[in-house]
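I have a structure I would like to understand better, so I am pasting it below and will then ask my questions one at a time.
Going by the order they are written in, the chains are A, B, C and D; count residues from 1 in each one.
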Amino acid sequence: TAPLTVIAGPCQLESYDHAAMIARTMSEICAEHGATYVFKASFDKANRTSLSGQRGVGMDAGLRILSDIRSEFGCPVLTDIHTADQCAPAAEAVDILQIPAFLCRQTDLLLAAGETGAVINIKKGQFLAPWDMANVVSKIESTGNKRILLTERGSSFGYNTLVTDMRALPQMAATGYPVVMDATHSVQQPGGLGGASGGQREFAPVMARAAVAVGVAAVFIETHEAPDTAPSDGPNMIPLNEMRNLVDILMRFDTLAKAHPLPALQ
Amino acid sequence: TAPLTVIAGPCQLESYDHAAMIARTMSEICAEHGATYVFKASFDKANRTSLSGQRGVGMDAGLRILSDIRSEFGCPVLTDIHTADQCAPAAEAVDILQIPAFLCRQTDLLLAAGETGAVINIKKGQFLAPWDMANVVSKIESTGNKRILLTERGSSFGYNTLVTDMRALPQMAATGYPVVMDATHSVQQPGGLGGASGGQREFAPVMARAAVAVGVAAVFIETHEAPDTAPSDGPNMIPLNEMRNLVDILMRFDTLAKAHPLPALQ
Amino acid sequence: TAPLTVIAGPCQLESYDHAAMIARTMSEICAEHGATYVFKASFDKANRTSLSGQRGVGMDAGLRILSDIRSEFGCPVLTDIHTADQCAPAAEAVDILQIPAFLCRQTDLLLAAGETGAVINIKKGQFLAPWDMANVVSKIESTGNKRILLTERGSSFGYNTLVTDMRALPQMAATGYPVVMDATHSVQQPGGLGGASGGQREFAPVMARAAVAVGVAAVFIETHEAPDTAPSDGPNMIPLNEMRNLVDILMRFDTLAKAHPLPALQ
Amino acid sequence: TAPLTVIAGPCQLESYDHAAMIARTMSEICAEHGATYVFKASFDKANRTSLSGQRGVGMDAGLRILSDIRSEFGCPVLTDIHTADQCAPAAEAVDILQIPAFLCRQTDLLLAAGETGAVINIKKGQFLAPWDMANVVSKIESTGNKRILLTERGSSFGYNTLVTDMRALPQMAATGYPVVMDATHSVQQPGGLGGASGGQREFAPVMARAAVAVGVAAVFIETHEAPDTAPSDGPNMIPLNEMRNLVDILMRFDTLAKAHPLPALQ
């Protein structure tokens, strides 16, 4: 099994220069430590807690930036799509289309995404059991596309709180597809700030280490040079200057975990 | 405060004749017992658990049926929409546009729905706290539309299970908008049958009675003459021949509850 | 089926005079409205959130007060016990022994309580499914004692929060034993104040009305003339001067619910 | 920080010979891999799901066996106590008194345990937030005893299911006391078999690896040579012949985790 992939970037695209700064930093860090790097950013935040939350640069400008990042840094690029008609244009610009957690059961979106032939990363809904993802996977597979990733990002646990069930990682892996741990959204506190989501950034490395020890194909980590002033998800993003150390440690755990894999579930 | 409104109909549209049979029966029952009747049916089930689940008659045929039901029976009609571009045509055919629970934070859908000027019924996401609905309401209000209904339909509670928190009813009522109890979806067992959702039909009257005693503007109840062979949500729909008795009892509780209302939350 | 029983009193015994004042007031209110009245108070709070919480008057003084209340007002009296050796002396002084929720699986306590022959009220643990209570009931029944009550008081729902699942009422009733709704503990926020439990007193009538509409044998309500200065559970107790109105309304719902009972679960 | 401690043994004591066989095997395994070994077994299962569940050899016989194990193998011994009067005799025979999760807020039990001066291992209740353990710790500290361990064993998550929140490990560590991961009880399915608890043995190594990667002082693992015929907790115990491999891997993760500790919470 391949070493850990690190999917990282800012929650939302701010500008080409900003994206490039983060892509450059993360590419270097990942190259140093033997991780595969995937750049991640959103061109639109379509489900902000409240209307006043910034939505981003929009699809046309966003896809241009993402395509340029891909050319410039030679790394695969991931972005999330929200409607069926965004899938085809997004698949021109990026390598991996991501299905947001709230939308993971919207059949038309899944089919449109699958039909592009791009890799599809499906975030498990906060309202879904891990084994329910088998049904979601089948929707994508029905398009003939079997390039699928499944991402854990926490389950509803009372109000304004998520909990991450580590059993979900091997349970989703039983589909046969690679599993990703989203270490920063799993520590969100949805709606926790009233008009915005809160977060517990300090626990993102906890989730990442635990998941890598259990064994995952990739970690997903949102990062920003100044999270507290970022336009979204600041409370749970990891400061960019902490990423080198985090990737270093995660790669050590990954090497150990992959040398001693847990048996697959039947 | 007005007597209870009963929003009822089949989970999905099957044909004009089927819809008319249910609308006729429910209109009569509601007229007998002093309830306002709203016909409900979906033209598309856009988020079935698995791909093999039937999706329905489609938008064009569906809206035609719904519009005909409205003309024929003179009752308001409710249907759910799934994408922004469905909002305007649906608002031509029906009176109330419903935002599905999984989509209750999708800003573009909320804005498109609000802009039609139709009444908007927002189902509270299974992943949302009752007080988070204030942010959802603001998105609709930003369009100038203040014809809003808020529906309780259960919260995630472990895996494949929902729980209905009766506190959510007065908490959502604190927004100033009418609150609806969805008695049949709140007893769903999402994904509980593996490739489909299970349900506990026997508890739908429990939820309805409890909510009406607390005080709600409306109950939402899916019904079918033969739930066990219905194309969707059979396990939680109430048999049509039990609706007369149920509406009778709910109206008695409603009269009592509205004569002795609970104090509004501050 | 008999009209509603109201189990009410202060969370903890403070003095004979205090207990008598509440017993007198509640006896009058219940007599006026046709409810059976049971006096409730604890002689020891054995599981306070923190050590600094007041524990009460102790067993000897407490049982004397409870016995005097029983003689003076002629009403059945309920108190909770925490160890096997408290059962026999408590059963001399009171009519109903209550098993605290945290202790509802402690076999020796259940057996000792059952062996007294007193009525046993078992609070469902916050960590237990309603159907798990059948196992708890069997432990009591093994002593030959079939005078059992089962009480709903909320289930763990994330951290520091409880949720009351109205389905639990008919599910527990399927054991054949009377079901009690604890309207004030079900709105506790365990540990919610750091060193003490918080509570949402304003929702206690919501829980009571909902449960009575579903159909219960009794409601359990802690009350105090000045909840905010009470030694324990102040945040969720109902002010004594609101009880007349609450009992009045609950009896109206009870009459209606019992005239139209929900079918028993199979 | 010291290398990982492994607390392991059968769920309940069966006989001296059985206990000795497990203690011998586990002592050897731990010695080989540099782990400190603590023998664990219960002399009484005081809160079985149902009355027909076997309770064990009783206190007198049990403490004799435990004391003999301690002499014979020179390892510290842990057992759980259920009433205040068991604390003193148990503290003569063993090194660590364990407070069961359901009883973690029973003040008298905590004080009696603390007063023995033994090490006290408190299991976090399934109904408690991690930060609520600070109040529990204070009760023990009030006796002057500061030899405390805190154990994670899962939180209620819907019905008949637990979930382990990895954030709880650093949150409990913020008390300053060592944290233990109970890898086998955290995969229990309470009441999941109707008259007994179910379990998901296959996930115990998942929990153990994840927790050790986050950083814990000890893991707690119940083990048996034939779990499927063990008198209790069979579904979640790990077969004894898998323990060598598990301890080997956990020690590798522990070495890595302790070389790169997560920053302590503020």
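Note that in this section a residue touches a chain if its C-beta (ideal position, glycine included) is under 8 Å from a C-beta of that chain, and two chains touch if they have at least 3 such contacts.
These numbers come from a predicted model, not from an experiment.
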*asked:* Can you check whether subunit A and subunit B touch via the same residue numbers (shared by over half) or via different ones?
replied: same
*Based on CA centres, what chain would you say lies at the far end from subunit D?*
B
*Interchain centroid distance [CA atoms averaged], subunit A/subunit C, Å*: 48
*Between subunit A and subunit B, centroid-to-centroid distance (C-alpha), Å*: 33
*Which whole number of Å gives the spacing of the CA centres of subunit B and subunit C?*
35
_Among all residues of subunit A, which ones touch two or more of the remaining chains?_
155, 157, 159, 163
*What residues of subunit B sit close enough to touch subunit D in their complex?*
157-159, 161, 163
*Flag every residue of subunit C that touches subunit D in the complex, lowest number first.*
46-51, 55, 82-84, 102-103, 105-108, 125-132, 135, 138-139, 142, 155-156, 159-160, 190-191, 195
*Contact residues on subunit C for subunit B in the complex?*
155, 157, 163-167, 169-170, 187, 200, 202-203, 205-207, 209-214, 249, 252-253, 256-257, 260, 262-263, 265
